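Going in written order, the chains are labelled A, B, C and D, and every chain counts its residues from 1.
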Amino acid sequence: MRTPEEYVSDLKKMRKNVYVGGERVGRDDSRLMPGIKVMKTTFELALNPDWEGVITAQSSLTGNTINRFTHLPQNPWDLMQKQKMIRLAATRVGGCIQRCMGQDAIVALSVATKEMDEEYGTEYHGRFMNYLREYQERDWAGACAQTDMKGDRSKRPHEQEDPDAYVHIVEEKSDGIVVRGAKVSITMAPVADEILVVPTRALTEKDRDYAVAFAIPADWESIRLITRPAFVRARKKLKCPYAEMGVAESVIVFDNTFIPMERVFMCGEWQFGRRLALLFADSHRFSYTGCKPAVSDILCGATALVAEANNIERASHVREKLSEFIGIGELAYAAGIAAALYGEKTSSGTFFPNLIYSNIGRRLMGENIYHEFNILTEIAGGLSVTLPYEDDFLTGETKKDLEKYIKRNPKMSSEDAHRCWRLVENIAASSMGSWYQIAGVHGGGSPIMETITLNLETDYEAKKNIAKYLAGINKELDQSKDLKAKPVPVGP
Amino acid sequence: MRTPEEYVSDLKKMRKNVYVGGERVGRDDSRLMPGIKVMKTTFELALNPDWEGVITAQSSLTGNTINRFTHLPQNPWDLMQKQKMIRLAATRVGGCIQRCMGQDAIVALSVATKEMDEEYGTEYHGRFMNYLREYQERDWAGACAQTDMKGDRSKRPHEQEDPDAYVHIVEEKSDGIVVRGAKVSITMAPVADEILVVPTRALTEKDRDYAVAFAIPADWESIRLITRPAFVRARKKLKCPYAEMGVAESVIVFDNTFIPMERVFMCGEWQFGRRLALLFADSHRFSYTGCKPAVSDILCGATALVAEANNIERASHVREKLSEFIGIGELAYAAGIAAALYGEKTSSGTFFPNLIYSNIGRRLMGENIYHEFNILTEIAGGLSVTLPYEDDFLTGETKKDLEKYIKRNPKMSSEDAHRCWRLVENIAASSMGSWYQIAGVHGGGSPIMETITLNLETDYEAKKNIAKYLAGINKELDQSKDLKAKPVPVGP
Amino acid sequence: MRTPEEYVSDLKKMRKNVYVGGERVGRDDSRLMPGIKVMKTTFELALNPDWEGVITAQSSLTGNTINRFTHLPQNPWDLMQKQKMIRLAATRVGGCIQRCMGQDAIVALSVATKEMDEEYGTEYHGRFMNYLREYQERDWAGACAQTDMKGDRSKRPHEQEDPDAYVHIVEEKSDGIVVRGAKVSITMAPVADEILVVPTRALTEKDRDYAVAFAIPADWESIRLITRPAFVRARKKLKCPYAEMGVAESVIVFDNTFIPMERVFMCGEWQFGRRLALLFADSHRFSYTGCKPAVSDILCGATALVAEANNIERASHVREKLSEFIGIGELAYAAGIAAALYGEKTSSGTFFPNLIYSNIGRRLMGENIYHEFNILTEIAGGLSVTLPYEDDFLTGETKKDLEKYIKRNPKMSSEDAHRCWRLVENIAASSMGSWYQIAGVHGGGSPIMETITLNLETDYEAKKNIAKYLAGINKELDQSKDLKAKPVPVGP
Amino acid sequence: MRTPEEYVSDLKKMRKNVYVGGERVGRDDSRLMPGIKVMKTTFELALNPDWEGVITAQSSLTGNTINRFTHLPQNPWDLMQKQKMIRLAATRVGGCIQRCMGQDAIVALSVATKEMDEEYGTEYHGRFMNYLREYQERDWAGACAQTDMKGDRSKRPHEQEDPDAYVHIVEEKSDGIVVRGAKVSITMAPVADEILVVPTRALTEKDRDYAVAFAIPADWESIRLITRPAFVRARKKLKCPYAEMGVAESVIVFDNTFIPMERVFMCGEWQFGRRLALLFADSHRFSYTGCKPAVSDILCGATALVAEANNIERASHVREKLSEFIGIGELAYAAGIAAALYGEKTSSGTFFPNLIYSNIGRRLMGENIYHEFNILTEIAGGLSVTLPYEDDFLTGETKKDLEKYIKRNPKMSSEDAHRCWRLVENIAASSMGSWYQIAGVHGGGSPIMETITLNLETDYEAKKNIAKYLAGINKELDQSKDLKAKPVPVGP
């Protein structure tokens, strides 16, 4: 496993293909630093013996100890450890650990390549497993590029006016393929080693060229990352973890990009477009059952802390609202546990979480994220967004004023009160706050996407059979399918 | 294990101490039949080899095969099987299988008697286990009587104007005790073999006489069951399971009732009042993670069926609403799974579900039950409550009219359409419907009770520590308590 | 204006064409009495000088003082008085005063007949106004029959397998027409003097025969009322208004029914099908801004009373929940006021409420009705549905028990406590409760119907113009249409 | 009335007592410009003949035509015009017009000064009306400073460790008073001409020195404005109104500030502390029934526009969500109309809105503001927060990429699509967005404050009387108080 320093050093060697605010910049641009700090956390924790078996795992390919973010889960226990890893790491970086994207991409590709090989006799799986061996050995952080620019949303890829609205194959050569198009809303691309590309939707035969999956280094020739970093206003004096972390979203432009054949994992198998798209999405929704409890924990903790600062921590309406965070976060976590237990072994050997449970967990969070912010700011009060800038607390005529007046709870020092309010402001009234709200709705698929999956996966005829039995329309009720299924044994 | 017929035959031998609508009646009163049919289901299923290991279990006392409703769960797997048993049986009786009350009472008593013995050197546990041996061997159905009449809710038991507002000890003799008071809202008492009495709340030293727990046959001397049965209008021709099932709620009056010492399981240990009250409540809340998914399934099935009858089953707003049932029911089920996995072994050997997960699961259902009925009737339309009586479909001038006009979906016969609407009416516009709504809010404790438990159980300081770490108030964050805990291995 | 006794006497003279539970019965059947009592209230209040100008009005046709339920509103003030009349009367009968249906039908017919005449040179308006003169002079109570049986909901009337799925013209004669079909979910038909029939939906040219409106006495030849009465269990001793009131819903079968020409108000004008359907629906939605605040008041009052009985009236969570009723009921009432002020004078002289405000008011109530019942039963506790029958309080061994134990608040007598809980049971756990829940969702059109109307009526382009102006896409913003409109002056 | 230019010119003459980010700055600081632009809009509109009678009014003091923001409403019509004025102006500045604060302060002071004079024979009212004459003639923009820093929230003002936690009188002289303390979360102070100070809460006799109200120029001696401006990232090329507007919140420190007697409007009358605090709050809550519909309109318009950009405008779930904005915004507007009609004439002649309706309107908005943002971003998609910076669209290698890929709806140009997304980002993912969310919860008082007022104002005994009548506990029901009240006639 790499040290955090090795990760950063590798990043700095990369070609300058990142664009921010009209400039081409290197990976050492200060605006990328908050995202890099998040990623470093995943390397630090893996070296911490306290978290052995949580952040680390034994590779199913090599038997070596690897960072769990590069691991293919093999059983329910692995999925439950993945949840814990994400919750743990997410807590420490303020909510989104990002690196699970790459893990969900390798999970999806491991399953789909195997299934395509079984169906068509192709050789994707072996090719992908070779790639994965390197991915694990070099301890890569991968970004997954799924969402296309999409153009007119009422049209399929091949019907678009601009054929580049979805990433597609423009040429197939003996040693590789050439692709064009753009992916959008891609988190962490400029701080990743690798970019893994998968389709974003179901495809028809006419969309054949859009059925393409591959992996490339993030600084590969002919790709541009047009990046929008997000972070909070840097602290002058009151340094803290929350203020140092952030994200960077990118439009990734593939401008006739050549992909070597050993890194191509789908090439025209349009029948598997939807399968691969959903494998990534559903694995990622499972990941949310780890990170979103962390987001609820953070919001809950900030709310409880600001209630203490306001000296209203014991008020019954405050207590009631605090318990809502537990309701949301732990229900999502429980959904993940159930998804792990009721998951299934795929033909590739990768163990995949149950779709119903993954999707209800993710949907719950997506439906409640704005409400959770609402609780925080309702308890915190208007000061969340009217707090003077840090400098006014530090210097000049206003320093004394603010130190005097910021204090509410006599047991909390002015500095701690200031730190508390500054955290609330950073969380609730900053561009990071907006990012968490909107990513909370859309990351991994918005609630309407989960509803669609739930409607596909739920056996409503079985539910109707219950009603038919109770109504006397049917004489018998067979529930063996639902209730005789046994959870798979789990254990360390 | 008894046959359903033996159970009914035993009931009929009982002393007539049931009062309904101003009369004293026997257990063969037709208004008690719907409750008896529910109870019979638990005996029938136990004899069905399909459900071996689900409805049956191996006794931890004797090693014999017993009905799981009389079993003390010993491990996570047992808890998960209990969830399944309840979901399965509840589905078949239209929602509430009732007999779990007794199981939750024996669970609570097994744990509390052991803990009292450990604390005070009493002999309750052995006494209770003797009782339980008979309970299992005779395959009893037990009702749990917890909720007292309570009198003035702003006062403690000993402060009440009427000391009988809570059941209490009025005399202690060498061979037993005498108790007085009344319990209210006690489900299934007149169809039970036994009544198990536990305290309803935390007690102070002055409430010593209110710290009392015991078990008696349901027709014991000096107790009166003032019973309110609930069922739907009996069918003349369109017989069906839903219309045959029902419940019966009772006020149970203890009128200087003598309890033999071998059936007394708490006698003055006021310090354990709250513990025993919560052991029953929390075990029962876990039971709801089995039955409430069944309620959601039934409501979902009825909604899907009536949507088919209306020929609007594919409409997108219908599909979206159907998926809400999955969200609610399966999240509660997942909470139960997590409660099982993160449960704990008590000193008595009984395995007890995790409190956080049990309570968030129960609360979710309590908060959503009215909304679920709303979905059903919104999709069903006004006919749910305006459907002419069954007789008008069966005879005279109106038979032809209604057979003609009831038909909407050409693929569904008039009779099936009628059966479908009749089921919807029975579910949503009947006294059973009201019972399910209100029991859905209050059974096992209303949402506010779960919120109180959640606030007691949640370590908000740990949440604040997250915020303090992110804010830079604390330099370190210790998450080992939360995230290093390992689920207990499960398996058949 | 008629006295209540004259109204009842007129009813009793009617032909026996009502069917309940397989029998043909007269208007003196005891199961119809609860509906008759509701209707009588509207006659009683009109004779009470306290409510002059509220329940009475000056006819715009004759200048005579008439019952306002037979009046065509002429200005905003009239609409506001109509709201008050409905709120007042609804409060006294427990929630639904029913007679507004007839008023909304005459409003709709007054407007649509005029517009049809203007468009086609027909003579409906004069014919209808002649009818209305009699309606006012004889002080009739009218039921409006709108909702058809509908058959397959995915098909238009003329596409149905059974052409009778919607009421339609089967023959046109010189002196009248013959109609066939059935209307469903028609409130109050057997306690009405007259039935006014209007179309239920938009029609196409091929649906021409379904464009039909007319009025007939409720006991007219060849119509059958298949009636489902709803009421609560009759009281033996604790008589009270709530327990005496109820409703009766009917399927009305038109079996080749002849309608004399002077009572035909639409005959083939399919282009006006939707207009007439919506005129009734929207007028009725406005009526809900009067009755639904009454429903909220009743639920609020019952909740506050039971909180007093539980002696928890000052608890903060109780107070918070009580205020929700105010939020819902008064917002709906305010929507009615705004609908009155922003209403418009139609060509017929009838003043019609604003559609946006009528629909948002009705939708708010439809979306919250189940939640309001939930508040009541959450505060009331399980006793709402487990209260023993009245007889057990009145006689025998159980009388003393229940009188003793029903008491909670020392300041409330046992009888008053019993009356309070009995009211809660009647409201929340009875077939009337179910009726109010489902009528609350569907009466006047369910929330989805209001959403459709709102989407038709809202000028979303105007909203987009705001965004375009703020985004710099458009340079100007014209708001004169929205904000220069002036409310019409109002006053007594 | 002043021109916008005169307003700005007057501002620039002010003493430099504004502090931003550690510096003392003049009113010409660029970070104050967004707030100044908002304020200018109120002057521009008043000179526009289109809005005569809406933005202008005839002074009740002088009969002169004045800006309505400086006017005391005299009747319901005035209140309804005030609502329109605010809705109109708020729409044009992106949501908060700010200047209503000053109007609500003069309303509150006009009423309270009269009532204090009536009670104590003081001379505040005449003094205040003299001040108001100048306020109207010089067409001032006033900020209202109400919220104190508050210190320990569990303690009253006189109990605080630091007596300055609330602004208070430290010395009374013959020609004026000296005050100390700080107000927080004061919007628009650095762009106002005047600051009007009122108490923030109910006071006891020991809090006498905290009963103080006065007005001073915003640059008065010994006051410091520690200001936090909020605005969106300035546009380089795609200029637009939304991006130019903003706010500035201040902590206002009163450091032994002398207030001349002719500007002191309360001095020790602690009995009126609560009255004056609520007069301002409730008048301001009424103002929200004007501005919050504008916020809903803007969010609705942006959602509809981005749905058009995504070419999903006709999708049924989009339509349904759009209608929610109408439900929220127009219900709040209707609450304002009802508040105007049911308002009351105070002894001062000022017409004051009804408290129930003002508070339910404001609460509705406060409870829904986060949900409304959620709708916008759910429809808009992740691009709301991942849109590359403006510069990347304007220059270099990325210009072509982004112009090509930003296009979705073929009927919308790349620039318009970019403008649309940029607006969505500005609204939903910026510090202004956070400001609108949090101000939406807290401005004028958070939902819990409205609930408290509703519980004080609602006559729950009257509601209980309804229940008692229906239950037969009371024989009569007197509704004359509620339903005989007549709305005051309105008209231009």
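We adopt the following convention: a residue touches a chain if its C-beta (ideal position, glycine included) is under 8 Å from a C-beta of that chain, and two chains touch if they have at least 3 such contacts.
What you see is a predicted model; the values in this text were computed from it and never measured.
When the interfaces A-C and A-B are ranked by C-beta pairs in contact, the top one is A-B. In terms of the distance between Cα centroids, subunit A is separated most widely from C.
Each chain gets one centre point, the mean of its Cα atoms, and the points for subunit A and subunit B are 39 Å apart.
Note on chain placement: the centre of subunit A and the centre of subunit C lie 51 Å apart, centres being C-alpha means.
Among all residues of subunit B, those that touch two or more other chains are 317, 320. Within the complex formed with subunit A, the residues of subunit B that make contact are 50, 54, 80, 84, 87-88, 91-92, 94, 238-243, 297-298, 300-302, 304-305, 308, 319-320, 322-323, 325-327, 330-331, 333-335, 337-339, 341, 356-357, 360-361, 363-364, 416, 419-420, 422-423, 451, 454-455, 458, 460, 463-473, 477, 479-480, 483-484, 486-487, 489-492. The touching residues of subunit B, counted against subunit C in their complex, run 19-24, 147, 149-154, 161-162, 164-165, 182, 184-185, 224, 226-228, 230, 249-251, 253, 255, 310-312, 317, 369-371, 373-374, 377-378, 381-389, 391-392, 394-398, 401-402, 404-405, 407-410, 428-431, 433-435, 437-439, 441-443, 446-448.
Of all residues in subunit A, only 316-317, 320 touch subunit C in the complex they form.
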